[in-house]
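A single structure is presented below for examination.
Per-chain numbering from 1; labels A, B, C, D and E assigned in written order.
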Amino acid sequence: MDSAQIIIQALNGLSYGLLLFLLATGLSLIFGLMGVINLAHGSFYMLGAYVGLAIINLTGNFVLALLGAALILAFVGILVERFFIQRLYKRELDQVLLTFGFAYIFMDVAKWIWGGTPRSLPKPPFLNSSLNILGEAFPVYRIAMIIIGLFVALALWLFLERTRVGAVIRAGVDDQEMVKAMGINIKIFFTGIFALGAFLAAFGGVIGGPIMGAYLGLDFNILVLALAVVVVGGLGTLKGAFWGSILIGFIETFGKVFFINFAIVTIYIAMALILIFKPAGLLGKEESY
Amino acid sequence: MKALEIKNISKSYGGLDVLINVYFTLEQGERRAIIGPNGAGKTSLFNIISGIIKPDSGEIYLLGQNVTRLSTYLRSRLGLARTFQRNTLFNNLSILDNVELALHSTKSDSNIKDILRNWGLWDKRKVIVKELSYGEQRQIEILLALVQSPKIIILDEPTAGMSPMETKTITEMIKSLSRDITVLIIEHDMDVVFNLADGISVLHNGQILCEGSPDEIKSNPLVKEVYLGTDH
Amino acid sequence: MISILNKLIPAETNLPWLAKVTMLLILVLLPFILSSYGLSLLTKVLIFGLFAMSLDILVGFTGLVSFNHASFFGVAAYTVGILVNRGFENFWLLLIPGIAIALLLAGLLGLLILRSSGAYFLMITLAFGQMLFALAWKWRSLTGGDDDGLPGIGRPEIGLPISMWNEQNFYFLVLILFIGSFLLIKKVIKSPFGKSIVGTRENELRMQSLGYNTWLIKYISYIIAAGFAALAGILYTYFNGFISPQELDWSMSGYILLMVIIGGAGTLVGPVVGAAVIIILQNLISTYTELWPLFMGLIFILCVLFARDGIVGSLLKLYQKKVGEMK
Amino acid sequence: MLQLTDVHTYYGDSHILQGVTLEVPQGSVIALLGRNGMGKTTTIHSIIGFTPPVKGQIVFEGKNIVGFQPYQIAQLGIALVPQGRRIFPSLTVKENLTIGWQKKKGQLDNDLKHIYSLFPVLKKREKHSGKHLSGGEQQMLAIGRALMTHPKLILMDEPLEGLAPTIIQDIYKKIIELKSSGYSILLVEQNIHLALKIADYVYIMNKGKIAYHGDTKQEQIKEEIKKYLSI
Amino acid sequence: CSGDKTTQPEQNPIKIGLLVPYTGVFASNGYDITRGIELYFDEIGWKAAGLEIKLLKEDSEMKGPVALQKARRLVESEQIDILTGIVSSSVAYALRDYIVANEVPLILANAGAAELTKEQGSKYIFRVSFANGQYEYPMGDYVFNELKLGKITVLAPDYAAGHEKAQGFMDGFKTSGGEIIQEIYPPLGTTDFGPYLAQINKDADAVWVHFSGTDSISFVNQYAEYGLKDKIPLLSSGDLVDESSLPHQGDAPIGIISSHHYSAALNTPENQKYVKDYRAKYNDDPNMFSEQGYVAARVTVEAIEALEGDISDTEKLLSSIKKVEFKAPRGPFSFDPKTQNVIFDTYIRKTEKIDGKLRNTVIHTIPADKNPWYLLK
């Protein structure tokens, strides 16, 4: 492999990793902060892609599709949280069943509306070209993905670290009653974070659409990837989700280069190895008494 | 043979030295209290004795055996029982199940019945522990340690949260334990401490400040200053 | 920290004696009433009931949400399938390598995964499960790979002059093994060991302070669960006459987990009821509409909303409340 | 300022509070005493709204707050120092303190400084996560956390549990100070000696009912306490 | 007894079981096959030899055990006369023993594993679609001798069908004298092909790929994105640019040369009628799957009509199916009597944009008897 190849593959890894970040970070928020195992997260992603496609077909505007899909799915997220999840905090098995039920329903609704044919989202025309890097072509869209991923990461970091929101949510999971006794209407925060998670998933769905497409089954493929990222990075930290994504992005990419025959399991081998040696994820703290 | 020997135990978290070269020993059958300001390192010391956290350096001998590298459960099997400062119970199980687990489910039914009768809990045996009031849970916490028939028992603020009446009962109960059993107790309730202990060790900033009989400690000006205040 | 299942689960299923006998009678008589298709569904329910019950040892009682339970099911199935295709016939003798290999695998994996807990446990088991899935997918010479799988597996020879090609006979073989396993698992759960796994689920720290080796408790429970999953896998191979990598996939593990939850984790009967509900409804609904996932999804959601502790768990609570009121 | 009239509270089917009537006048410290399991915490929880009463009235500053959400009750100016501390383990000490703080009521830095001067150790542990504090430190944090919300009424459920004698003396002084600056306090405490010293008025609970109530200066109180608390 | 029929119109209907995926990644294939079948039955008014046709649809979920369970219902409860559908080979394998033991004729409408009509074949199993390699093999010769491309890199998904199809092409290509310089097998369901594309040997004269469904859409787009489209010509099996994928691939597929047993752009009267009817009914272009469904339906009907509706004797039914021959949208249709696999002409197509729409123009036809694929066995 020459240096140009290495750079291209590194860019591949980085762009894939940041795409993973977009699709995993919502799960990380919901899972890590609120302790909700949201198996419908992939469905939000998939529906985001489908809705985004529908908006593009209507308006031809990618940015509109991006925001529109994210907002619509955020609204769906509000409904789901407000009427269902809200009763199930700290009841993980019930969350599994409920969100799995929703995943089933969302999948069928998508099939109903859009049919089963796999689709792909068109790239916005202004990003539909390639860059020449040391004689190798590299798609501009993937550079844009890297930038957007970094931007979202920064925005989230500011939002969670610079405001009280993250702390309130964590406190709410620790002891909901006590948070209320502090005069905080915690339900609104929970609903908000869940909606934000759905927003980010759908956002990722549209951004990833030109690469991953939209098809039935995308939901669960995404879910597994997102879970891997969140768990490898350690639950509940934005930092973990970020580095977890980049790491998985690189592992997947270089797995495809060096271990072609094992590409279907590289991600699992990596996960297993990490968890064997760090049972609570790379950046997660081991529960010390 | 000593019941318990703590040899130069040190422990720090990040830059925070929680225990510094703590050394003390406990004779068999002795009743010793550890007192000291909040955050002095008392609970940390208990966690190191019972093996829940590992010390950075130093050694621990239990009944003559070096247990520094032994897991918690093996120390328990050597005859060490403990209570926690924060109730650590099987919250979703009944009182009966809690006690059965503490007895390793091996003892006969009549034994359990006797125990629960003695504690006045037989009628309540099917009550789920998390539905008890705080003070009632506290009693279960102690009960679980006592029913293990330990050789050494270490109690972390056993009477905290108990009403005066219950406190008295528990104190008497500990006092009436067979003299084969070594007792180490952390308490902030000085009445309990002075009632129970043969000797007192004062822990301050992770170090043993002084040791002595209850009377010596009571009148020690240093202890007065850092811990007792002017009331006692 | 995520401590899956921190809620009250009735550790015993105290159905009255009468219900038990009725249940047994129904199971014995049903094959004479059902159509051959109905019988095959019922057989499948029992096999998956056993499979789900074995997972419940982990999920409901030990508090470990494992996502590679299908590995043991599948590995045992492949072992027996391969041996049958190589000419080994005696069912009872085949059980030994089939179950042994699953126990061995569980023993090995248990060494690697039990340091994780909660969500991390779920993910590390998922990872190992997928590796085994990939192995079955790629090791064509042994497993037939992804396409052909391992077809042509005949029905078991049980050493009696009874043909297992007869669906009723096969059903009774499954029924007997199911009841045997049920009683055995129940015995384990009621034993002091069973109490100690519940204790470990509830409070590991306290268990250690009481002198229990909680690691070993979880390890043994993982292995026991694998053993029963293996038996289910073996029966399933015979039932279908083939085995493919799909039986090892995480979706299979997830499917079983749903059965456990929907029926009621921590009640032994629950997972069986869960298996029955899911298998029968899915088959029923999908004959009427291609949108069956929609209806299954709705059913899952209704179950969560109206049967908090799973179907059997909720019924039990209701029953206990009634009994309490009568007193 | 706070008035409970014939409050009945249940846990499922069990009838725990069986008609509790008590009053916390403005600027006073009221002690609620009783043996374990008598319903003290349940009374506190009924006020803050964790276990809303099925029957009876709870009037705070002229408003019946039965049926209000806990956060609404808290926003009216009631703070809780719960039994068993219940600090937020996954938050740092500082986050614990600031989480309920409200802009309109004070200046964050000043308020923090105030708490830190009361409990200097909290300043030292500012960035530690709540779960790593010692028991006593957690108790201080729980008290500080409640004070940070600038309440009018503080419900204190055994706030002295696990505290060293010196700290207890500090808190004693603090409570007196709070009282004189107009705060009202409902204090549940097992340290009878101290409770009698701080409180203006005492209620004794027995099996979900108020068994006795009276002024702390009354002579009869000693006997009643002996009767219901057996000392 | 055929005379009775006119007097007794209320006879048992003919029951045809259809087992395809309606959920999951391959649901669209299931729906397309169903559409083809229903289009044909519409055409003939849902009657064969005067008997009503009942189509019983079941979701196979692409899972062997599920499909087997559904087949049990169809066979044992519904007593179907013929089973058709089956998208994936693994499902076909799972059903095989059961079908044979229960003597149910099975008409495969997609599953391509060659074995199913070879060693694992049975007189009960017919295939109207294709065997993996069947239309890939003759392209090897075309690429080497007509397109004059000598060094080729091959990419296909890492599962049985992917390997079989790639093998078909490589066998044909090597037999003609070509050289395969690189083989890459990404996992099935790969969406990000970037890392593979960067590895493609720049010395290759062309890249031959087989991808279908979701993979095909991602691949074609990314091949262009990484600047390869202008550097190395892309050849493929017809699946890559099947009409089911074309509308979602943008302009990226233009210029791809592929081999297939069908193209919606075929200029025969049969196909033109078919495309017209299909558009009229579904407002969509037909594709390989719907055509396979259409053909499967027609085969059943032709066989039943040849027996004048008397299908009580399974043996007779089987031999009747075997003899079916007609002009399908794809061209002349018949079974190879030995294997009961379909025989068809192979089309070399070039993807072009005509009137703003992508279509696979047929640029060369390799007649069935010139396809030496069969000679290999």
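Here, a contact is a pair of C-beta atoms (placed from the backbone, for glycine too) under 8 Å apart; a residue touches a chain by one contact, two chains touch by 3 or more.
Keep in mind that this is a model prediction, so the values were computed, not measured.
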For chain C and chain D, the touch-path distance in steps comes out at 2
Greatest centre-to-centre gap (Cα means) from chain D is with chain E
Relative to chain A, largest Cα-centroid distance belongs to chain B
Chain-centre distance (mean CA atoms) for chain B and chain E, in whole Å, is 75
Chain A to chain E, mean C-alpha position gap in Å, rounds to 36
Per the C-alpha centroid definition, the whole-Å distance linking chain B and chain D comes out as 28
Contacts with two or more other chains occur in chain B at residues 52
Shared-interface residues of chain A (touching two or more other chains) are 107-108, 111, 261, 264, 289
Two or more other chains are touched by the chain C residues 6-7, 137, 205, 293
In their shared complex, chain E is touched by residues of chain A numbered 5, 8-9, 12-13, 15-16, 107-108, 111, 115-120, 122, 130, 136-139, 141-142, 210-213, 215-218, 221, 252-254, 256-257, 260-261, 263-264
Touching chain B in the complex, chain D uses residues 11, 34-38, 41, 83-84, 121, 132-137, 139-140, 158, 161-169, 190, 192, 229-231
Chain A partner, complex, touching residues on chain D are 48-50, 69-71, 74-75, 79-80, 82, 86, 88-91, 95-96, 98-100, 102, 145, 149
Within their complex, chain C touches chain B through residues 6-9, 11, 192, 195-196, 198-199, 202-203, 205-214
In their shared complex, chain A is touched by residues of chain E numbered 22-31, 158, 184-192, 194-196, 198-199, 213-214, 217-218, 221-222, 225-228, 244-245, 248-250
